[in-house]
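Since the structure comes first, as structure tokens, the remarks are kept for the end.
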Amino acid sequence: MTVSERVAEDREVVSGAATSAPVPPSAARRTRRAVPALVSQVAAVAAALAVWSWLAVTDQVSDSALAGSVESFARLAEVLGTSEAWTAIGQTLTAWSIGLAVALAVAIPIGLLLGRSTLAYRSSRFTIDFLRTIPALGLIPLAALVYGASREAVLLIVIPACIWPLLLQTIYGVRDTDPLAIETAHSYGLGRWSILGRVVLPSAMPYIATGVRLSAIIAMLLVISVELLVLVPGVGSLIAVAQRNGETVDVYAYTLLSGFLGLAVVLLFRRLERRVIAWHPSVRGHR
Amino acid sequence: MNQSSTVPAVRIAGLQQTFDVNGASRHVLDGVDLEIRTGETVCVVGHSGTGKSTLLRCVAGLQRPSGGEVAVAGQAVAGPPDDLAVVFQDYGRSLMPWLRIRENVTLPLRRSLSRQERNARAAEALAAVGLDGVERLYPWQVSGGMQQRVAIARALAYRPQVLLMDEPFASVDAQTRADLEDLVVRIAAESRLTLMVVTHDIDEAVYLGDRVVVLAGKPARIAADLEVDLPPGRDQLTTKADPEFLRLRGEVMSLIRRETASIAEGVSA
Amino acid sequence: MRRRLTALAVEAWLPVALVTTWWFASANSTSIYFPPLQTILERFQELWLFERVPTDVAFSLTNLGLGLVAGLLAALAAGVALGLMPRVNTALTPLFEFMRATPIVALLPLIVAMFGLGVTSKVVIIALGAFWPTFLNTVDGVRAVDPLVRDVARTYRLSAATLVTRVMLPNAAPQIMVGVRTSVSVAVVVMVGSELFGSSEGIGYFILQSQRSYAIADMWSGLILLGLIGYALNLLSAGVERLVLSWHEGRRAGSTTVAAGGA
Amino acid sequence: ACGGGEDGDGDSAAAANQLTWNYSLPDSAPVLLGIEEGIFEKHGIDLVAEEAAATDLVGALISGKVDLSVNTGPGMAVAAGQNVPVVAVSGVSTFEAGASGSSGSALVVPKGSDITTPKDLEGRKVGVNLLKSASEFGVRQVVVDDGGDDKKVEIVEVPFAAVADAFASGDIDAALVADPFMTQLIDGGAEVPFGDPIETVFAESPRLVMTATREWADANSDTVDALQDAVAESIELADEDPDKLIPIFEKYFKMKPEVAKATKINKLQADISPSSFDTINDVLAQYGGIAKPIDVEQVVAK
Amino acid sequence: MNQSSTVPAVRIAGLQQTFDVNGASRHVLDGVDLEIRTGETVCVVGHSGTGKSTLLRCVAGLQRPSGGEVAVAGQAVAGPPDDLAVVFQDYGRSLMPWLRIRENVTLPLRRSLSRQERNARAAEALAAVGLDGVERLYPWQVSGGMQQRVAIARALAYRPQVLLMDEPFASVDAQTRADLEDLVVRIAAESRLTLMVVTHDIDEAVYLGDRVVVLAGKPARIAADLEVDLPPGRDQLTTKADPEFLRLRGEVMSLIRRETASIAEGVSA
């Protein structure tokens, strides 16, 4: 079997065929196929946990750096019963959603503009490349200096950091629009803005979706990191306190918590993405 | 009426087109002159790769000519003119994969019409090309010929004054093709549509056209411009059996064949 | 020649305008956080031309280069592989997303424990940071290949190597390139992060030290240096991109409409 | 009452005595105890405590987010070296060991290490959790005091939690650690060859101080006096019964009871004078923590 | 030779195809049975949207049928079989825009041949379809008809045993089309190629085919399967004037027209 065959076969298994969605001979076949995806995911997670436990139990890494997986999960379950944890989750999610929303509102329109206008793109290329390399982590103390341990400090770091990948993805997505699609719209008298909104934007959507996913996760990571480093109330500060007090199990419990928050965000955005770009070859037939 | 007889719907003068390819330049069109009166149908025929699509793109304002002038309704073309529609040769790519068929057809209608009117127009146009009941499918869920008809329906629903079609019936079966030809003839007559059709089917060119233009040469120019002098009211059976039809058909065919031969010589020389 | 100058002007006017604004706006600044640009540039000259180049700059750039190369290569290989094997991809997605969503700062002790205090752990962290954007874009790009192109590849039974190098990679190239460019800047960011611990040299270390000791002008000069390094890296990737995506640009330019071309 | 006035509290009369305060480090506990016991209230001050990261004890103050903060003596000197207008309004603790007899930090070496004197650190790698801080300078100074050359000691930054592994892998040969990690390490077999370099070097110098912006301190000298009195009284209370601090650690530092019980703090002292910064000034200037000696008069509120 | 007479090159039995569209299911093919002998040329004609392309995709192993069986050279089809090539209806999208024309043609040859051999084959195939001198252009730099010929050249250079073509000459002019028809007839005869051609041009179907199969109905089945009994050695002029040719042409046409009519009735009913 050649690789290309395997590809196509896999594709059908996962997506029910990308080009078309032929109805399989029996419905039973479909359910039989759906189960392994979940099973395989569980298996992968289980394998990772096994490696973790092995590292912890066999003392490959010292106790103060790595807690056991069972203890960490148990502790996580415990802290999820406290209001403190939920307050922190609320604070983290609030900062995250504000940061991401602002980034989306800024990056996508500007990205569309820069993607469509060569002049604007070339004018801003240096500035963008320069600014987006200035490290968010390096700015944390500055933000802390200016705003103290507050949500503003978090946002000052998070918003720019989320804007860059999204901006870039949008620009590239726009530039990858099929020229013939634009010409079609153009020849039918669609104006500049209609073309932007109804041809370029949908066509760039797959890129933008990847960008939103990237940014959503970067936002989450940075919110938690800033909370951790500056002690802004939230999940991150819980980790920081646990670290300071040398409570390794707590550190891992809260780290798991932040991982799960990120995972939830990603899964949410993948779902949204599937809806928004249902027409796209990578998604066709998924719904 | 008065104005339309003085100002041609489409005026092409001394059109030159050169492409830059791998450093060298490919001279495709060389001094093409053509005038199309309002309400007239002109069919363009020519060898594959002569420059028919290029010519159309210049008229549609999608390509800036290297030289010469194009005017639509008396206005020099600098971008796609108003009330002009194009059916592209590569119809598959010209449909938006993220829009359902109905939305593809209503796409250009947004500005002026209400949602209901748009849908009504789309339904009407789709029915006219024989596509009822597929409004809610995506373009990639229908056959090639159906996609091509969606592209035609979109152009018709737009109700342009000038319609450019690039091999619009290439992917449909003989029967559907005949029906579509008659549809286009009828609409063109009813609404004084100015029509420019690129086709490689000589029967079709003679059947549809008030004039048939042969594009030939390397670089291409207009090798012949024939008036089609057939009685009005075309009919697939009687018109295609008309001696004048057969004469014209033969003439165009021999013109193209001669051109092909001379090109072949040119290549081997 | 004139076209070159115009091009340069187009590229340069905005940065020049911004710098000028900064210069005059900050000229009389007494804020300790925003010292005059003049002071910052003086510090820049004293520090980075070229006193600290052999130490801090060389140290950071070596780590950055190694981490970036390792991260990008791994991302390409894994991205293509998983793009071609959706089943495996599906199985690993939750795990990957989870790993990606876990803040590295929380795991610093673990990373130090596993890779030591030396450069290895720094390179690992940079590679990890650079990995994700390219990886995700590669997977998505490979999966997004036109179904008809896939069908062509299948019917003509292309070998694995041909499929990857001639079809999948070029097809995904536009999207991979976005990933690479994001990766490059993430790598610089993460490089700074990696110097948060266990360091006694490096640009990131210098910046952090400057901040801690309120040498704010020094810190700004370091940030400017990072921006310049980032820009240089971007120029590099833009060059690669031009090479890789020449067909793409040509196709775009070839069918640019008159109005858009005039804009 | 707010230095930066950015809080925009219009009800100035009622807020006249409400002060926000950033605390950090366990040495802040006696002050927190004073708040709990109503001592500050008694002195007419409504002190509202918020925890801050140990690496960020100046920003909130300068930007007016808070009225008061804490800082370390060396931290004050570094800030003053860059003309950051922050002054100490009251002392809290010094670098000497407190009532428990331990300063809560020490230089530890792996079990079986041949390091027994500070001079043995020459040619070795020593981990501290923050460079350019009292930790680094303390280590350097004890080496010099022992007749060694501090330039031959390589000092790197290592998070406390990573010290055990860094020992195991041989990445470092010694580390300056604080509780609870110190106790964990010693329980795990690490040894303390010669005590706490920080304590040795800085001794009576101020370790933790309460700070405000100079502008604020100048404008509110009455409040500064009241603060000093309240801190002194709080300290007295803590010295009388150190066990009273245990619930404070649990509440304000979210420590588990065992950890809270084991947490030690330094010698408490509310008095503060410019001259108490002399040692810090000398040592920091010596090792590059500050470019040149500062004017110690500038660091303390008048 | 013996085996080929017993085992058909392509065997389709009871083929069913249903698509899932917006929750409802579209039944496209219903029990299609067809056998093609080795070396035989079968032309498939039918109304636009009947399921011709779908049928071809099933034979090519690109689509898993909902029911029934497909075997190529006696092997049940589970993925694309060996030595089978397809010229897709949407030729434009089937060419890789990032590869030059020569690389597009040599792409499938990379497995077995040296670089030189590959280029030689590509040059030969491109010349055969009348495309010399464009090797170094990108697909989007040539005309629609040229692109289609590149796709044909790619298939020919691959030298398959079974060749499936989906409206392969839809976008080329009449003269080129005739040349390409003759090219394919010649190659099919020379190398005992088994050929399945979907076309909407009935003349072409009769001219090329040893058999003409009419696909019709909703869902579609084989409505007719006609042997073309013309003397061997086709010629554009003499063959197309042969009375048998004209008779067959008429028969196919009336079959399709009948189907169209009955479908129209079905729609209005």
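Observations on the model:
Each chain carries a letter (A, B, C, D and E) given by its place in the written order, and its residues are counted from 1.
In this section, contacts are C-beta pairs under 8 Å (C-beta built on N, C-alpha and C of every residue); 3 or more make two chains touch, one makes a residue touch a chain.
Because the structure is a prediction, the values reported are computed rather than measured.
Path length between subunit B and subunit D in the touching-chain graph (shortest route): 2.
A turn of 180° superposes the CA atoms of subunit B on those of subunit E, with the angle given to the nearest 5.
Most remote from subunit E, judged by the distance between CA-atom centroids, is D. Compared with subunit B, the chain whose C-alpha mean position is the greatest distance off is D. For this structure, the chains sharing the highest number of C-beta contacts are A-C.
The distance from the centre of subunit A to the centre of subunit B, each centre being the mean of the chain's C-alpha atoms, comes to 47 Å.
Computed from the mean C-alpha positions, the centre of subunit A lies at a distance of 45 Å from the centre of subunit E.
Centroid to centroid, with C-alpha atoms defining each point, subunit B and subunit E lie 27 Å apart. Multi-chain contact residues, meaning those touching two or more other chains, occur in subunit A at positions 5, 8, 19-20, 61-62, 64-65, 141, 145-146, 180, 183, 186, 229, 243, 251, 280, 284.
Counting partner chains per residue, subunit D shows two or more touched chains at residues 55, 58, 62, 159, 161-162, 165. Residue positions of subunit B with contacts to 2 or more other chains are 19, 61-62, 79-80, 90, 93, 140-141.
Those residues of subunit E that touch subunit B in the complex are listed here as 19, 21-22, 45-54, 89-90, 92-93, 132-133, 136-137, 141-146, 149, 166-167, 170-177, 200-202, 253, 256-257, 260, 267. Across the complex, subunit A is touched by residues 60-62, 79-80, 82-86, 88, 90, 93-94, 96-99, 107-108, 110-111, 138, 140-141, 154, 158 of subunit B. Listed in rising order, the residues of subunit A touching subunit C in the complex are 2-8, 10-11, 13-15, 18-19, 36-37, 40-41, 43-45, 48, 61-62, 64-66, 116-119, 122-127, 129-139, 141-142, 145-146, 161, 164-165, 168-169, 172, 175-176, 179-180, 182-183, 186, 206-207, 210-211, 213-214, 217, 220-221, 224-225, 228-229, 236, 239, 243, 251, 254-255, 258-263, 265-267, 280-282, 284.
If you check the complex, the residues on subunit C that touch subunit D are 32, 108-109, 112-113, 116-118, 196-200, 209, 212-216. Across the interface of their complex, subunit B is touched by residues 19-20, 178, 180-181, 183-190, 194, 198-199, 202-203, 205, 277, 279-280, 284 of subunit A.
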